[in-house]
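You will see chain A twice below: alongside chain B first, and alongside chain C after that.
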Partner chain A sequence: MDMQVSELGGNVTCVRLTGRLDAPGADTIDTRFTVAVVAQGRNAVIDLSGVTFVASMGIRLLIASARGLRQKGATLVLFGAQELVYTALDQAALDQIIPIVATEQQAIERLAA
Partner chain B sequence: MGGPALRLQLANDRAALEPARLAVLAFLAPFSPSARTVYAIELVLEEVLTNEIKYAFDDHAEHPIELTVRLEPDAVVLHFEDGGVAFDPLQASAPQPPTSIDDAPVGGLGLVLVRSFATSATYERRDGRNCLTIGVALG
Partner chain C sequence: MNAQHSTPPLSRQDMEAILAVTRALAAPFDLRTMLAEVTAAACRVLHAERSSVWLHDTGSDEMVLEVASDIRQVRLAVGSGLVGACAHERQLINVPDCYADPRFDASVDQRSGFHTRCSLTLPLVDHRGGFVGVMQVLNKANGVFDANDETLAQALAAQCAVALARVRMTEALIEGEKMRQELELARVVQMSTLPAQLPALAGYDMHATFLPAALTGGDTYDLALIEQGLLVVLGDATGHGIAPALSVTQMHAMLRMAFRLGADLETAFRQVNDQLAQTLPSGRFVTAFIGLLDAAAHRLRFVSGGQGPILHFRAARGECVPYKATSFPMGAMPLSSLRPAVEVDLAPGDILVLLTDGIYEYEDPDGSQFGVQRVEQVLRAHHRESTAALASHLLQAVQAFARGAPQDDDVTMVLVKRMVAG
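Coming up: the complex of A and B.
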């Protein structure tokens, strides 16, 4: 599991994840991801296009981060999930609590809405 | 019954997850399972084994978990056995779908995913052992 953090225009944090967001993958990035996303307290978009697998530990990390950001008045948006990853997120009803969109542009628009 | 099978004995340690996943994938590779079948199998392996490692044993000693993966004409059947405390994960109530980020439950998600990706699941307590059998459609 790898992650790259950048800053987009409009004071938005962007984290691009690559690899398997399974239990070992979530363990690998847990602290770095939380620091990059929650500690900043800014709106954030997460690029899932490089994520090939997600299981419950990975979903928990996303929920915990989205919750931490919300407590700071900011929003987390996910984009780019591959088909089977999207299916898993959908079955976990994650889209009920975290916006999930197809593209980076839609994610940025969602933050601006 | 009688299809090719892989038997593994795993330690109740998270470090056992990745070698188990790779061994199962190597066993299935000659049968060219679809991406969805592979995803479902990986999900079942991860969620069931993580659960067993976390909850089946109330000491810190090493205990074996036995995994059998059997190929049937239209399914891959995963059978998990451990000698831990009796626990039927199929009887655990699924969490309510979350309505907001503030009340979203973080527990129970693994079982929701297993139920969603598997096509069959049975649990039996036999001779003091937890026996969980989960089927995944072979596509």
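Coming up: the complex of A and C.
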């Protein structure tokens, strides 16, 4: 599991994930991801297009981050999920807690809405 | 003076004294007793008035005085005083006149009323070469410590370091055993929250399996006849071990209480979710299926917080209808709205199949996961058998798939089958 952090316009953090977001993958990025996404307390978008698989511990990381951001008055949006990953997120009704959109542009628009 | 010269061999008498210490140190298993033996032996063998053992606290990088006859709980920074200097330099320091040595810290004397005349201070190094502490002997009777004393003290220090390692290893084993016993107790408590016996419900066959990955698990289930119908619950707290076991047991107890107080399905779900959102630590939540079966109408209503897929095996078609969660995992945050409960009609032979991700995500040695399709294959092959037999087939299929790969997550199954009449 790899992650790259960048800044988008409008004070938005963007984290691009690559690899398997399963238990070992989530463990690999756990602290770095939380620091990058939650500690800043700013709106964030997560690019899942490079994620090939997501399991429960990966979903846990996303939920914990969304909850942490919400407590700071900020929002997390996911975008670019491949079909297998989207299905796993959908099974857990994650869309009720974290907006899931198709593209980066839609994610930014969702934050602006 | 620091010891750099060659050490003289031990005399027969000295050797016997050291061997006597070795024998004495073989007995005690607690740190204080062992250190008391060492300091007493040091005084005896080296004809010293007093001795002490300082242990290195790696956390604070301080030297801690564990045993001395009249001073307790003294801490020194590494580098401070002769003990600190020895800890810093990791070398024997033999000082014939302490008050003439600038490294000597007279404040300990001032606190104890003791007058230190001469001292021998040497590092304790364990069998792996790690620095563990400092032994110090004070005031040789009728003189100062000589080269022979240094040799004796080094032999004694080596014995002390070995004994110290042994005692610490024993303490770690005892601590581990205590932890195991506490985990065992937690397991008993958790298991006591599961149904001791599954309810008998005419026209239905049901089975539950709970195989925690650790002594305690983060999964739970419930099958109980309550006023509102047959309560069917499958819960999975993130992770496994004590913390998730507490989370899931808390969810289980809250649900039982809500239904006992007459709550309907949606109200119970909402109340328990919002309670968990307030009480669970950050980053913890529980995925849970909560259903109520009206056995007369053969209709199941359910809500699911993050627990999916939920499989409805339809016997007539020999296929599974998967359902996803109706809401996010319980406790993740308070509910602002709740999707309506899902209603499923169970036809004869139909099976409600609830499995935690410990089955779906069970990995083989190549990293492939068991997945939903393999579950469906087992259901199609064995759906006419009892739910107990079906559960057994599922487990066998998982084990065959795993090819010896260890169980990393809790495995829990709840199967409810409407029996075929006649």
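Keep this in mind: the second predicted complex is superposed on the first by the 113 of 113 C-alpha atoms of A that agree within 3 Å, B and C clash if a C-alpha of one lies under 4 Å from a C-alpha of the other, contacts with A are read in each partner's own complex, and residues count from 1 in each chain.
Here is the rule we use: contacts are C-beta pairs under 8 Å (C-beta built on N, C-alpha and C of every residue); 3 or more make two chains touch, one makes a residue touch a chain.
Please read these numbers as outputs of a predicted model, since none were measured by experiment.
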Three-chain arrangement built on chain A, chain B and chain C clash or fit: clash
First (chain B), second (chain C), both or neither touched by A:Leu48: neither
First, second, both or neither for A:Ala64, with chain B first and chain C second: both
Touching partner for A:Ala74 - first (chain B), second (chain C), both, neither: neither
Touching partner for A:Leu84 - first (chain B), second (chain C), both, neither: first
Partner chain in contact with A:Ala26 - chain B first, chain C second, else both or neither: neither
Touching partner for A:Met3 - first (chain B), second (chain C), both, neither: neither
Partner chain in contact with A:Gln96 - chain B first, chain C second, else both or neither: both
Touching both chain B and chain C, residues of chain A: 22-23, 55-57, 59-60, 63-64, 67, 70, 91-93, 96-97
Interface residues, chain C side, partner chain A - complex: 236, 238-239, 282-283, 285, 287, 304-309, 324-329, 332-333, 339, 357, 361, 369, 408
Touching residues on chain A, where the partner in the complex is chain C: 22-23, 55-57, 59-60, 63-64, 67-68, 70, 90-94, 96-97
Residue ranges of chain A touching chain B (in the complex, touch as defined): 22-24, 27, 53, 55-57, 59-60, 63-64, 66-67, 70, 84, 88, 91-93, 96-98
Partner chain A, residues of chain B touching it in the complex: 14, 17-18, 35-36, 39, 42-43, 46-47, 50, 97-102, 104, 106, 109-110, 112-113, 116-117
